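Listed after this line are the structures, all set down as structure tokens.
Look for subunit A in each of the two complexes below; its partner is subunit B in the first and subunit C in the second.
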Partner chain A sequence: MAIATQKTAAETAYLEGFDAGGDWLAAERQKGFDAFAVTGLPHRRMEDWKWTDLRQLIGKAYPPAKGGAVGDIDALAAKCPLKDIARGHLTFVNGEYDAGRSQLPASGDVEVTALSTASSALPIGETAADPIDGLNRAYVTDGAFIRIKAGSNADAPLELVFINSSRAEATFTTRNVIELEDGASATVFETHMGGHDAYVSNSVTEVRLGNGARLDRVKLQMEGAASYHLSNLKADLGAEAKLQDFTLTMGSATTRQQGFITFNGEHTDATVSGAFLLNRKQHNDTRLVVDHKVPNCVSRELFKCVMDDEARGIFQGKVIVRQDAQKTDGKQSSHALLLSPTAEFDAKPELEIYADDVVCGHGATSGDLDENLLFYLRARGIPEKKAKSMLISAFVAESFDDVDNEAVRDVLKDLADSWLAAR
Partner chain B sequence: MADVETIERVREIEVDKYKYGFETELESELAPKGLNEDIVKFISAKKGEPDWMLEWRLEAYARWRQMTEPTWAKVDYPKIDFEDLYYYAAPKVQGDGPKSLDEVDPELLRTYEKLGIPLKEQEVLAGVEGARVAVDAVFDSVSVVTTFKEELAKAGVIFCPISEAVREHPELVKKYLGSVVPQADNFYAALNSAVFSDGSFVYIPEGVRCPMELSTYFRINEKNTGQFERTLIIADKGSYVSYLEGCTAPMRDENQLHAAVVELVALDDAEIKYSTVQNWYPGDSEGKGGIYNFVTKRADCRGHHSKVSWTQVETGSAITWKYPSCILRGDNSRGEFYSIAISNGKQQVDSGTKMIHLGKNSSSRIISKGIAAGRSDNTYRGLVSAHRKATNARNFTQCDSLLIGDRCGAHTVPYIEAKTSTAQFEHEATTSKISDDQMFYCQARGLNEEEAVALIVNGFVRDVIQQLPMEFMAETQRLIGISLEGSVG
Partner chain C sequence: MLEIKNLHVSVEEDNKAILNGVDLTVNAGEVHAIMGPNGSGKSTLSYVLAGKDGYEVTDGSVTYMGKDLLEMAPDERAAEGVFLAFQYPIEIPGVATMQFLKVALNSQRLARGEGELSTPDFMRLVKSRAETLKVNQDMLKRPVNVGFSGGEKKRAEILQMAVLEPSLCILDETDSGLDIDALRVVAEGVNALRSPDRAMVVITHYQRLLDYIVPDHVHVLSKGRIVKSGGKELAQELEKDGYANYSDEAA
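So, the complex of A and B:
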């Protein structure tokens, strides 16, 4: 496929703003830059990006930057909904570690470091043929490195907070590594907050689970209304491990979130779910690739997407079952609720299956509120607006059930309710 | 009476015999290999076409020159050399019948024996059901004989080779040809538009219910000849027609290209039912020599309350690339797609449908059953979209895949685009295998493994089989069993 040769302003800014630096990340940055220089920003002629043309959507130059935050960062930090549940915090402001707003847990079994403070090289995963990963690797300024020693647990939740606020157009790039050794467990929150002005936030999280490890991860995407949020989750799962991942997307003008989940060991269980609460002209494209490489694993995906005004939600999910991955159980569902005649939902739930003894399926629905349900509530004297809110709230809440922590579920419900109240 | 005549007439041209894999030795008039403007002019001149038709072809040719082959489908095949194909072959005289069956590959014969001879079946069905089937038999590229024309003419139905329609009914052809699949729609449609040899033309006038099932047998006969069939069916206001298409092809070593275009137009309150059974030569066990089937089929539900129903049974071809689609333009229009795609050996199927909702209250239904066995790949690829103005559009999609053996692949690639909140879309897909319990149950009752698989698969695809016209149902059930032979044990 012919790739457009003319560089956009954003691409030029990225290509010209490169500086590998002199620290231990220099080699990784160079790899990322080389990969990005080949692909450039993705565009609609690329199948996986057909609904999210970044070349077109990122209309201006957003040079890679770090620090220089403006505005009331404290106010943003105070608004982080999960801050009271978490027992440790790592805060990054405009891609720079903020020691003053961070409290690290004091346990020998739990190793938590900001990349920028590491004295020697930390294990950053392999380069992926993906434009977000390429950009992230090239311009990474900081991020969290979390390693839980074998057999120990860090169930007291640890929160990673990313606050971006900049008056000048800029791209802030963070990369996190979460490594759970055999039998370890942890709960990690990721909260992304942002100021009003336009910026690009690029955030990659790598997860490596050893045999029998368990990670519960909850991500809140509440970036600034004019921002772009590009993010990847790359998870490699060992045997008998468990991944419970939930993402609530409310922020940003344009969001592209990708998940690449790979099963490397048998009897592993992964649940990746999420909810979209979008309005105005928000655009959120979530793409998930679940790769069953080994037999006897279970994957579950559930996405509940609510779109109001002229918002556009996109769900692209792909389940791959390799030839050896017999006895795979894979289920994927995406459900959309369109609250305005001009809202849009696109879905591409894909199955690619090479093993015969499997149970795989997907379901996708799209529509507005059920008239009958609404009538039922109204007939019981509930005003229309309230009845609608109840139905929408119930629709979204189904996805929260995948979060085990009750306090977190309550926070998610409150967030959904306040979004509905503002309608 | 007429029924018996048809059968005899068909027998005269031995249309059934090619099922056995002959190359009927008709003396062919071949255009030289390769494709250029002169070949297009040659084809057009051969058919005695008016100037406007030639210009239309040349325009398509010019566009095709600038296009590149699509590569997005999940199929893999050696690059086709379009300069190494013949683009025109016509029988000079009607063949005096094929030689004896002894010359035919016994493997293929056995298959057809099992399948049953459609001609006999037609006889039986004609006697029992009183069903009548007109046959517009296509020998390679030129329609050799068209039967039942007169009776159809009485009803005002026009059913003739498209080359004849170009001469006899230019106003209809001019108005509708390319109006559903434009010349430059895609690479293969453009190629077809430039060099289409022949095909069927059907026009059902206002308020007429076509008195019989219309049927065409396609065959690929001349060596190295791509087939470029062009079918155009127009159902005028309030009319109804059911069209059957069945395909077979003889054994062959070199891959054959087939790039057909089918255009359906349904006006107000009209209904078209289009059924296909495709069992072209899939190649040998190594996948060598099968047909490349790159087909563009599209229906335009132009009128309000119009309806188009596609039913397909795909068991043949080395490569199938086919997406019968419906543009639901009219308010309250309806599109349906029922498909069975079976792949065995090294076959590759990439098939599905597109339901494009433009009209208010338009509805569609997709039932797709894919069965992959052997070392084949079977992909469902479909699009359901609702335009912002398509208020209250409805779609229900169900794609089920069945895997037989651990060396095949079954894939589902659906696209859903809802641009209005009032559209209600539901999509469901499952992939599974035949359970041991089912097999045990059947085998405990004395069925052998292959029979058990055929029985279970026939149950799996029942929803679709029921949509087929009577004439195809029995044949299809047997075809499914044969297609899966060698897939177990």
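So, the complex of A and C:
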């Protein structure tokens, strides 16, 4: 965490573009800025960032910005794959709440507010020693605050839509809070879409689950092809709670997404899974830290990653089992399918176990398509391209099984199939 | 229909010669049995006919329906009517059996310039074939061969054959791993497909299957060559005397 001696253009733009503002977020922004001013952008000499040197990768200046969207926002909004399944929508365009593209659920038990419209302070989460969180806190312009009252459910899915499209290089920063009180349940989609010019998107979601609460979250990362997507999921889980989290990553040139899952109450289950569909020179570095602080919890992580052309996928998964966390059951696996000799996958699984009565494991595989499977399909008359598509689709779809909602699974399959059809 | 001449095949990886001059002519309407000790090259012959990678044809030719079979891609061969029932059918996780069958059948139909079969017509076809072969609906709902017993896998191969209606059926040890009842069901399924314009090459280690699928010709493959050919009585002879006269040990 050394202070960067020489600031990059991007860092200078962030430092000079800071404005705490006069609203209830001013103090939070100042905290984020102070943290960022010390660390600067993360770089490869930081252990967790060795594959994704943001100081190097974000070459140009992307000053913090808000609004001013260009291009066909309607077309991007119309392309959101989950829009017909969702029952409520909250849309942010270039980091700014768009009331015209939002329909909020009308229920007193479900509180949904855009941060920019809140008149008093909302709990947006403690500061974390993390560069994405620092940047996010410093430059947050808007985001969704969702609170489900104890015992009520918002199972009709609510969709948070983020559309970024800017001709000028800019950084758009949103922050969301999903707070489920005891016994509450909700399904929340996050859809990230973008135009084709380069921009940086920074989006953090804070999840707080009370005792017995359940959240199903599905994130689609379909940002513009030249963009950078930086994001955190931070989830703090109470007792007997359940988190089902799924992320499909297809967009952006460079993606760094992180998940910090903490078990604070016993008998809680968390499944964090996802799929990568990457081609060209796309780069996705996914890092998860699952922290078992209490006994009797179950964590599952399954990532199915498909890389074509010169794409590069990275999965860094760490499971920590604290001394008190007996009877922890934690399994993590990442599987990669490399469709070209120049595609690459790196996995760094880590288990840090301080308790003695636990069942934990990890597995990582990486390879190309199985020739015997391919031959079997072709021997039945299926042409090579179609046979490959069927096998790749089957490979990715295994991760979709972690999504309970069948309509969502169908959308995920369609997305994978259209990605394959475009190969 | 099929004419194999002086076929020499070796493994690409280590240049090991496996087939050393196979000659075989199969006419439409005929059933040929190929018998031989383990390791004699029976599966290799079936793979080379189906178009599997990893083998090098160092000499000889294979003509199928007047065309050079070895020039065709595996899926082209299938569309032209070549079908191999695998000795060891593999599991394909995540690919549903019905979807697999439908894509296979319609790919073949498209390649032949026929229209795709509609979903209801396809369902009817599979259902009727599955009933004949006593393949239950539950098997059809699973991914291809996943969780099937050895016998179920073999029956599923014959079901695929019955749905795809090939012209040249190559059955590689379809009898192994089947109990007598299953063997009878499979043989009935195969016999139902016998027709004047279809030929079958039945590869087996044991004579037992040939009690049910009665061949017109029997060939003995040993060390990569057909060393003896005859009528169905040759199979009985082999049953009695074993392969001792043909195996490496005897040589």
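Everything that follows uses one rule, which is that the second predicted complex is superposed on the first by the 419 of 423 C-alpha atoms of A that agree within 3 Å, B and C clash if a C-alpha of one lies under 4 Å from a C-alpha of the other, contacts with A are read in each partner's own complex, and residues count from 1 in each chain.
To be clear about the criterion, a residue touches a chain if its C-beta (ideal position, glycine included) is under 8 Å from a C-beta of that chain, and two chains touch if they have at least 3 such contacts.
Not measured: the values here are computed from a predicted model.
In the superposed model, A:Asp269 makes contact with neither subunit B nor subunit C.
More residues of subunit A are touched by B (comparison of subunit B with subunit C). In the superposed model, A:Glu310 lies in contact with neither subunit B nor subunit C.
Touch criterion met: A:Thr365 reaches subunit B, while subunit C stays clear of it. After overlaying the two complexes on the shared chain, residue contacts for A:Asp23 are found with neither subunit B nor subunit C. When the two complexes are overlaid on their common chain A, residue A:Asp417 makes contact with neither subunit B nor subunit C. Contact with subunit B, but none with subunit C, is seen for A:Ala347 once the two complexes are overlaid on the shared chain.
Of the two partner chains, subunit C is the only one that A:Ala397 touches; subunit B does not reach it.
Comparing the two complexes, no residue of subunit A contacts subunit B in one case and subunit C in the other.
Residues of subunit A that touch subunit B in their complex: 47, 323, 326, 336, 338-368. Residues of subunit B touching subunit A in their complex: 72, 388, 391, 401, 403-433.
Subunit A meets subunit C in the complex at residues 371-373, 375-384, 386-387, 390-391, 393-395, 397-398. Those residues of subunit C that touch subunit A in the shared complex are 50-53, 73-75, 77-79, 83-84, 86, 89-90, 92-95, 99-100, 103-105, 107-108, 111, 143, 160, 164.
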